[in-house]
Amino acid sequence: MPHVSILCGSVSDEEIAKKAWEVLKQHNITYDYQVISAHRDPDKLDEYIQKSDASIFICIAGLSAALPGVVASKTKKPVIGVPVSGKLMGGLDALLSIVQMPKGVPVACVGVDNGDNAAHLAIRILTLTGFL
Amino acid sequence: MPHVSILCGSVSDEEIAKKAWEVLKQHNITYDYQVISAHRDPDKLDEYIQKSDASIFICIAGLSAALPGVVASKTKKPVIGVPVSGKLMGGLDALLSIVQMPKGVPVACVGVDNGDNAAHLAIRILTLTGFL
Amino acid sequence: MPHVSILCGSVSDEEIAKKAWEVLKQHNITYDYQVISAHRDPDKLDEYIQKSDASIFICIAGLSAALPGVVASKTKKPVIGVPVSGKLMGGLDALLSIVQMPKGVPVACVGVDNGDNAAHLAIRILTLTGFL
Amino acid sequence: MPHVSILCGSVSDEEIAKKAWEVLKQHNITYDYQVISAHRDPDKLDEYIQKSDASIFICIAGLSAALPGVVASKTKKPVIGVPVSGKLMGGLDALLSIVQMPKGVPVACVGVDNGDNAAHLAIRILTLTGFL
Amino acid sequence: MPHVSILCGSVSDEEIAKKAWEVLKQHNITYDYQVISAHRDPDKLDEYIQKSDASIFICIAGLSAALPGVVASKTKKPVIGVPVSGKLMGGLDALLSIVQMPKGVPVACVGVDNGDNAAHLAIRILTLTGFL
Amino acid sequence: MPHVSILCGSVSDEEIAKKAWEVLKQHNITYDYQVISAHRDPDKLDEYIQKSDASIFICIAGLSAALPGVVASKTKKPVIGVPVSGKLMGGLDALLSIVQMPKGVPVACVGVDNGDNAAHLAIRILTLTGFL
Amino acid sequence: MPHVSILCGSVSDEEIAKKAWEVLKQHNITYDYQVISAHRDPDKLDEYIQKSDASIFICIAGLSAALPGVVASKTKKPVIGVPVSGKLMGGLDALLSIVQMPKGVPVACVGVDNGDNAAHLAIRILTLTGFL
Amino acid sequence: MPHVSILCGSVSDEEIAKKAWEVLKQHNITYDYQVISAHRDPDKLDEYIQKSDASIFICIAGLSAALPGVVASKTKKPVIGVPVSGKLMGGLDALLSIVQMPKGVPVACVGVDNGDNAAHLAIRILTLTGFL
């Protein structure tokens, strides 16, 4: 059973995902890594979330970064969102898409391209649970 | 059978929705109006999209405005998105969330709070189809 | 008779136009491609719009991207606008110029440099008309 | 024969136009004032520009403020643009739409809502011509 | 022993804090509420963090919102940051100050003024720990 | 006697100045070119403005681009400002510094890095005066 | 001999100036207060700077806030700039105009509308000098 | 005893620090240079500030640039902040984090990446004190 599920919206986000899993590895935290687009593969994403027994989801996405919010709407577990930088104001589009969630469906947003901190935040949460 | 489905992400967006349906009414276009949050009611939204026989979806949302994109990911019909203004830079968050969709899942974005133009765009599309 | 007219405001926008026509080609949709500046060739643009029998216009422009709006003011057919990225905040100038249209003259804006989605949106509209 | 033509894209811009004509009046400069939308009344605008014998055009518009650019594309006289503030970042949309013109079609942009300076700039130009 | 510590950088942020504690109360989660400025009362803040036995910190701040980051640098527990809106672009200053943390010191940022989601995120974390 | 004075705030702006003088040359308009910083050489700038018999000033500057405004405050002739792009949001700093002038001291702002349009605007003004 | 000179670019900035002088008064620091526009009264400003024997200048301005930079270019004493908020993105125009000075002509910028901190910064500098 | 302490939040900021110390060297001003992260080494930073007998602190940081503000909260000496540019809007995140300080804890912010001006500002302050 992996502790953390790392999801990317696009294969081009893998560099950011790698930052996250490198930190998790250093702390001996197991993870599962998948590339599933919230917009292009909604059914596959639903199924993955339902089947996953990870404690925390790290969702990495650019542009209109819906992935973290969609995951947060389908699970009650903590969801961490990582905005990926792009041409438009260096990633402000992804940042705002991830952080400005409506009341009741929280996403824990970290900095643009900051896959490391997504992992560090997951570690703080897992430490609190006693899993670590 | 309504020509257009008007969806709001929150009851507070109704003022913008009203702009849209007033224009549709003036052109004798039937519509169905619903408030369903993409983030808070994902299953209800799925079901609604599957059952709807509307030709076009007008999706109105603020903040991290995922509604238009989620609808566009679940139907092959045209989806028009209307960003709703808010505190953060006057609605830039909703605008970017709606317009910056990934390749393959298009949303037709109109101006901030511009429910009128969502309806006018729907009319242009329906005219092309010969429905009007 | 082409289904879609693809217009660029400048030859430098051709890379984005190509993204659109590649998608259209894959779906066997005919198109006409022209480079006509709304600001530098207004009369040529008027004449082109009047003569065109395309069902949908895809208008690609950067900076003060007036092309989509001007076309929308001269035809009643659906107009899709594609903002082209540039130095100033990665294309926010073109995005706002295209999307913030006044009431009554709608443009369907897609993401910055997202020629693909302009074509995908056109396909959704053409599918609805039964042309496809 | 008026020295200056003041054009608004919408009746709601009249407050800004008034700032301009008050300054012109103080300097005994004649002007003509019209409300013509570039997007909603393109033919009326064309006709007006062709018939006008004003030396300078002051064009006031908000949102996707195409009016100054369209006028500049149809006349060789100096065109001064005044962006009108709005909800989205206080008028940045209109400012960028007016100032970021393509090479060869210049608009002289002044500050947001700054109808006064449009008139003061016109006065500097008219003084240079010896009209004043 | 409170489950959650709610800290505000200024008494003027209390309205946002209230949103958080109302949600916590509905879920019978105990909390401690304090107003301590990271910039004006650094020593008091240090002492509070050291003595606190809360599982999670919710830190609410505007402008150059250093509070969440400072707390995150002094504890290994999860820290949730809530940016408070202000004059400058509706709170973008606080949002960026909170979310753009350096590698190794994560803050879980939620939306501008969204005290509710800070609490909802805390609940997701506490549920995972089995405390709830 | 040159028709136009082209002033740069820094030698690094010369590429933009060149765009302007190339257009002027094509129209056989004489010009004088100088690099004088408003902030580092205020006295030299004062003296230059007083002695200049140019009809129009084109002022090119980046960052806190004070040059056009300072010139406009020292002459009654038309002043055209060209913002130079830079790291911070692609030149938004220079654009706002140039365009947002107080009432009574107008600067005619053109697009970012758009030296061409500064020259084209000067040509429109000079044509009006009968100099061309 | 006043310790501090407080300059406003416009009478409308007086509310921010008052914040500064109230803090100075509480610390028994003498000050001189003047309203002089850098753009509208450049000669008066020059004369004032030359005659002033204040140790520090606090310059308060909005829009294209040239006042602090112009003062810094005419004196070798420390100059503190206070951006005044306005319609365009809540004062980002004034902030960037003040802070983005060219190399060699520094302005010490404090927060938007933060007259208090201008005074507090002046106090820190005066304390260092031994004047306090 | 160094006149100035130059602190960087990260080794990657050293290029900006070098700009500052080169200017200080040219004026024969002594300085001490350290890399201490406010977020990662808060205790080391506290100790350094307490022991330092520098007259002025120059603090250089990017992203959520807390360093200048934290130093200003722990000393009564003047603190100069230099925002370091990054991906997100070219350093607007660091600029706002540094300049938007709460009342009572002032930071003297200079331009993005402008290490030179931090030194020039320090020189103006030291000149006033009679140290130079």
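A few points about this structure:
Labels for the chains are A, B, C, D, E, F, G and H, by order of writing; each one numbers its residues from 1.
Basically, contacts are C-beta pairs under 8 Å (C-beta built on N, C-alpha and C of every residue); 3 or more make two chains touch, one makes a residue touch a chain.
For reference, the UniProt names are A, B, C, D, E, F, G, H = N5-carboxyaminoimidazole ribonucleotide mutase.
What you see is a predicted model, and the numbers here were worked out from it, not measured in a lab.
A comparison of the A-E and A-C interfaces places the larger number of contacting C-beta pairs at A-E.
Each chain gets a centre from the mean of its Cα atoms; for chain C and chain G, those two points are 49 Å apart. Averaged C-alpha coordinates put the centre of chain B at 46 Å from the centre of chain F. Counting partners per residue, chain D has 63-64, 88-90, 92, 95, 99-101, 104-105, 111-112 as the residues that reach two or more other chains. By the definition of touch given earlier, these chain pairs are in contact: A-B, A-C, A-E, A-H, B-C, B-D, B-E, C-D, C-F, D-F, D-G, E-G, E-H, F-G, F-H, G-H.
Residues 63-64, 86-90 of chain C are the ones that touch chain F when the two sit in their complex. Only residues 55-56, 76-80, 95, 99-101, 103-112, 114, 116-118, 120-121, 124-125, 127-130 of chain H touch chain G when the two sit together in their complex. Remark: chain D residues 85, 89-92, 95, 111-113 touch chain G in the complex.
For chain E in complex with chain H, the residues that touch the partner chain are 9-10, 37-40, 42, 63-64, 66, 69-70, 72-74, 88, 92-94, 96-102, 104-105.
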